[in-house]
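Going in written order, the chains are labelled A, B, C and D, and every chain counts its residues from 1.
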Amino acid sequence: MTQTQTTPPAAGPDFRSDNVGAAAPEIIAALARANADTATGYGGDTWSQALQTRFSEIFEAKVSVFAVATGTAANALSMAAITPSWGAAFCHERAHILTSEVNAAGFFSGGGLIVTVPGPHGKVDPAALDATIAAQGKGMMHRSQPASVNLVQATDLGAVYTVDEVRAVTEVAKRHGLKVHMDGARFANAVAHLGCSPADLTSRAGVDILSFGMTKNGGLLCDAIVVFDEAVARTIAWQIRRAGHVWSKGRFAAAQLLAYVEDDLWLRNARRSNALARRFDTGLRAIPGAGLWAPIEANEIFLRTDPRTMDALERAGIRFVRRSADMARFVCRFDGTEAEIDALLAALATGASHG
Amino acid sequence: MTQTQTTPPAAGPDFRSDNVGAAAPEIIAALARANADTATGYGGDTWSQALQTRFSEIFEAKVSVFAVATGTAANALSMAAITPSWGAAFCHERAHILTSEVNAAGFFSGGGLIVTVPGPHGKVDPAALDATIAAQGKGMMHRSQPASVNLVQATDLGAVYTVDEVRAVTEVAKRHGLKVHMDGARFANAVAHLGCSPADLTSRAGVDILSFGMTKNGGLLCDAIVVFDEAVARTIAWQIRRAGHVWSKGRFAAAQLLAYVEDDLWLRNARRSNALARRFDTGLRAIPGAGLWAPIEANEIFLRTDPRTMDALERAGIRFVRRSADMARFVCRFDGTEAEIDALLAALATGASHG
Amino acid sequence: MTQTQTTPPAAGPDFRSDNVGAAAPEIIAALARANADTATGYGGDTWSQALQTRFSEIFEAKVSVFAVATGTAANALSMAAITPSWGAAFCHERAHILTSEVNAAGFFSGGGLIVTVPGPHGKVDPAALDATIAAQGKGMMHRSQPASVNLVQATDLGAVYTVDEVRAVTEVAKRHGLKVHMDGARFANAVAHLGCSPADLTSRAGVDILSFGMTKNGGLLCDAIVVFDEAVARTIAWQIRRAGHVWSKGRFAAAQLLAYVEDDLWLRNARRSNALARRFDTGLRAIPGAGLWAPIEANEIFLRTDPRTMDALERAGIRFVRRSADMARFVCRFDGTEAEIDALLAALATGASHG
Amino acid sequence: MTQTQTTPPAAGPDFRSDNVGAAAPEIIAALARANADTATGYGGDTWSQALQTRFSEIFEAKVSVFAVATGTAANALSMAAITPSWGAAFCHERAHILTSEVNAAGFFSGGGLIVTVPGPHGKVDPAALDATIAAQGKGMMHRSQPASVNLVQATDLGAVYTVDEVRAVTEVAKRHGLKVHMDGARFANAVAHLGCSPADLTSRAGVDILSFGMTKNGGLLCDAIVVFDEAVARTIAWQIRRAGHVWSKGRFAAAQLLAYVEDDLWLRNARRSNALARRFDTGLRAIPGAGLWAPIEANEIFLRTDPRTMDALERAGIRFVRRSADMARFVCRFDGTEAEIDALLAALATGASHG
């Protein structure tokens, strides 16, 4: 089996992904602090209980929080909780659940169908969603029944849905009776970019269930599912347990998540990686011929370029991901440096052809 | 949803489970050490690569190791890898996959049937297994087809299969063409008890795939699947990825597992919890009327007792699990103390009726 | 792959199953009658519409009827409609869904767990059911959640639940919040035996969904699912369609079912096979040493006997099924004859040892 | 739930589908003939045995034949037999398994992903298939693994793959290590059109498993799966049984299929419906402005037209299916008439605008 991050690990600036980065020292420290005495297993510990309270404060409503191992687990279990096995789930044609998770959503839902919707910059277009849901054939016996919508925030091209844009999508979904999942692998980056409240961007905007990412932004081994819809919360616990995503030593997951939101660590980290991406954005304007696939609004950069330029970058020691012949992806890490950005800009300015 | 560890968390000796215990400081330290520089994601890092080598040394053969979040994930993904959706899996009637995992094995295998086999002390009886497999109806069109056997080591009553006992079961399995999974949630305790080589107890004894437990014996958030059978290894990777059990920051999982086997930490920890259980065993002989459900061979104690005695223990501040009206479970932790054992013995000597 | 009806096909009396019998001529005739003009596909035809009306009359309430190919399809789709993938379904330890359907219920429900309940003569014992549901651990995170109960009418030992007996089981189920499926592969035989109304034996007695068997009692290639619970009816249609059990030429299925209930054909046929079984029952009393596993109340006979007697019967040309060393099954067909019964009795009287 | 054949059933020419047609009298007669004596159940009867022999003659190789209730069952079970739950199945973007079967293939395979391939006239384009398989990421851990290809013969636009065209697709599939399923819902029409041998069009052309349609061409309630690949044949039987698609009175399915191929009934029927479609094709040339979505090579006609024309046709009493604003589908039945064709042509000539 091949890895997807194929750039050879070298010493140069590393933009392969935010998940190649380190963990936040605050989170490592929280693990050490939690490591005393005994604690009830499987989420019965005080950290896991505090997690419910703390996240309910952050989201300004009673929510149910479930720590799970990965973003794929968070996404697939969330989608399965709102998509019956005869249901259809709608997502952007570049959505992570479709392109990068071995159809985990299809597996966990027992055969739910994923239907794609176009839209600019990785965002589901509300009108296209409306038409696609309508075309799916609600009530028609031969068709998987429309059940759910998946939004990725920030998107798979690095853009950020505004609160109004989220609302526009969820309104279409609700009108057709569908539930809405937000894949927030980079939710912190989106919130940091918008400066809005987490509640405004999710439950108040019509989101029923959220994958709350931590790994890419300073966590180690843990993301979370935040459930806003009470009916979903009632049954998802067994689906998560059965998926092998309830840790017996749950305190070590909850402690990570608590440290992650303590003193706004999550937003501070996100602001750092976002700022690095903006620094790149600014620098890029001075480079003639360079282009972007989408505006830089979070911590990801999707450069519209060519193989010759990508070769040149690699020769300069820049590590990144070649998505296609004309798309190179660079991700800024919370623990990245301005020097890395500047090295990237220099390499682009020097060696790039920008066909 | 209710927790299963219902004893109220108090200050007394805590025998509710080994998973209520702390993490080994060596493993916490390893996490901190791994937290530098960037590392390729999804198992492409150097820790994950070293893990393959190190475990191949331990098991004296080329093995494939996959870190996963929990023992349930390790068990269910292992069983699914050797049980087709029309297959039957055979396990002891007290096996964890049957009693405590929300039928995760049935879910991941797409509907595989679990068939129970009796046997003393939680061990699958080879003759009973032979008869049960035969009765399942190999080749009969109406019956789920015999596919796999699950052994729990140490067993769900705290006993340990000897190498010969493992072999006796796997020989029956192989004769019928079935593959064998060992649920080694307490594999370290079994190896420590037997003083044998890990290879003798697994691949050389006919085991095809192993759940290698770490959490209960000093880990935080990670167990592993060790695959001995090459055909299984070829396809299980996608099943694990799709289950959301491949961490992007895989170094933090691999580093835990490497620290766990470094300088035999796993065996040293297991010897400590085993020794505590033996200390109890010795002390118990002085208490008239006390009985056990199975010999104490690892770190679990299944006391044959009565509700009045259990009430008395709880009043004495002892924390444990009531399994039934006549079964109380006590688990010794690697970070438990002799004082806890002595307190338990004293409470039993004083207040117990041992009906 | 081996067949289960292993007795070599010969010319003698044939008690191997009611499914070895012919189709009712009335039903063949109905197929021929339906074979004119064009008809809307997939259940939009007038026969399929009439079926809804006709069955609603028979069951004295608005029901939804779905023709499916087999009893296994009817059972598995019914159970899946009332058992989520994290649910537990309770059935008798001899239930057909457990012993003879390759765990189709587990497959269609996406991994639902089947839990067995004892009881005399193949009937679920209400008190045992109560205890088994309670022991399954409602609300406990590690346990498949109690969801549904399966009753077989007539039972897998040939007995018939009275209306009160059905009620006693469904009352336990309802008290725990479970839904109830009746596997009515031999529903006609049960109704004929009891002389009650179909409604009294099902919806009025707490049954939510019924497998309405036709094949064993004169049909060709079609059984039905009758849904009493409206919430279930709303989603089961897609599950049936997706299972490949909605015929495009649905008129040929509906026409069979309409002919089956026309002029009480279903009850007339059932009375004939029941009467043959009763004739055997009467005759058996004259044979010393003979015993039964359950009272003969429908068209099946489960003889408590021995291998020597079974050998003798086979030598006499009697065709039947050896269930175990001490259980021989004989099924009376609607198209069977009194001569066949008498030949069986004679063979038993002559050659049997009845150990 | 809504039906898809929405045109109100009236007295006019009926082109809604071939499945609105009657059954062949020869097949009804075969059912009546098979209705004598008892017969071993579940495919152990002499008809089912003869079916294996007869189809092995027709396909000039030892094949395994399984009668199933519907084409959806045949397709989904076939695809599931060659697609693991972590696999990707490739089909044309108009393929029936994608558009009209509630994702049954995804369900039966346990979450297999369906990936679409473009191509003219509903045919998978070999070069596009090659590129799409390559892009799916064989060996990449985040991607469903390429497993199978689905061809529809005749296609979902009514065209027919030649033997060479089938080969061109299967060669791409084989080069990538994929297995090939042919959805032969209208296989008879394709064979009749090409005048080739069934073997040349399937196993000799690289097809591993075939859905052999009968319902649309004169059957009642039965299609078949023909397995050419021995490894697939070894396990598919349990999957079919578990799907509820093995009839206990299997003789009534096998007898239909035997009658269907007796004296080339299947080809004679197909030639009749094909000829009706050709009659239309010829007539259409005289109508100015009329266009087709694909050449008429089997018994389906996909007219490129407009809503005004479709309204006019409906007013003229023509029954057909509106696929979209510019696509009207007309299917010729084996029991259709030249008068129906002529009425359709007349209605088109008179009222049509052919925008």
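Throughout what follows, a residue touches a chain if its C-beta (ideal position, glycine included) is under 8 Å from a C-beta of that chain, and two chains touch if they have at least 3 such contacts.
A quick note: this is a predicted structure, and the numbers were derived from the prediction, not measured.
Put simply, the chain farthest from subunit B by mean CA position is D. The chain pair B-D and the chain pair A-B differ in C-beta contact count, and the higher one is A-B.
The centroid of the Cα atoms in subunit A and the matching centroid in subunit B are 33 Å apart.
A separation of 50 Å divides the Cα centre of subunit B from that of subunit D. Within subunit C, residues 1, 3-4, 42-43, 85-86, 101-104, 107, 110-111, 141-142, 144, 237-238, 241-242, 246 each touch two or more of the remaining chains.
For subunit A in complex with subunit C, the residues that touch the partner chain are 42-43, 84-86, 110-111, 141-142, 144-145, 235, 237-239, 241-242, 246. Within the complex formed with subunit D, the subunit C residues making contact are 1, 3-5, 9, 14, 16-17, 19-23, 25, 28, 31-32, 35-44, 68-77, 101-104, 107, 215-216, 219-222, 237-238, 241-249, 252-253, 333.
Contact residues of subunit A toward subunit D in the complex are 1-4, 85-86, 88, 99-104, 106-114, 137, 139-144.
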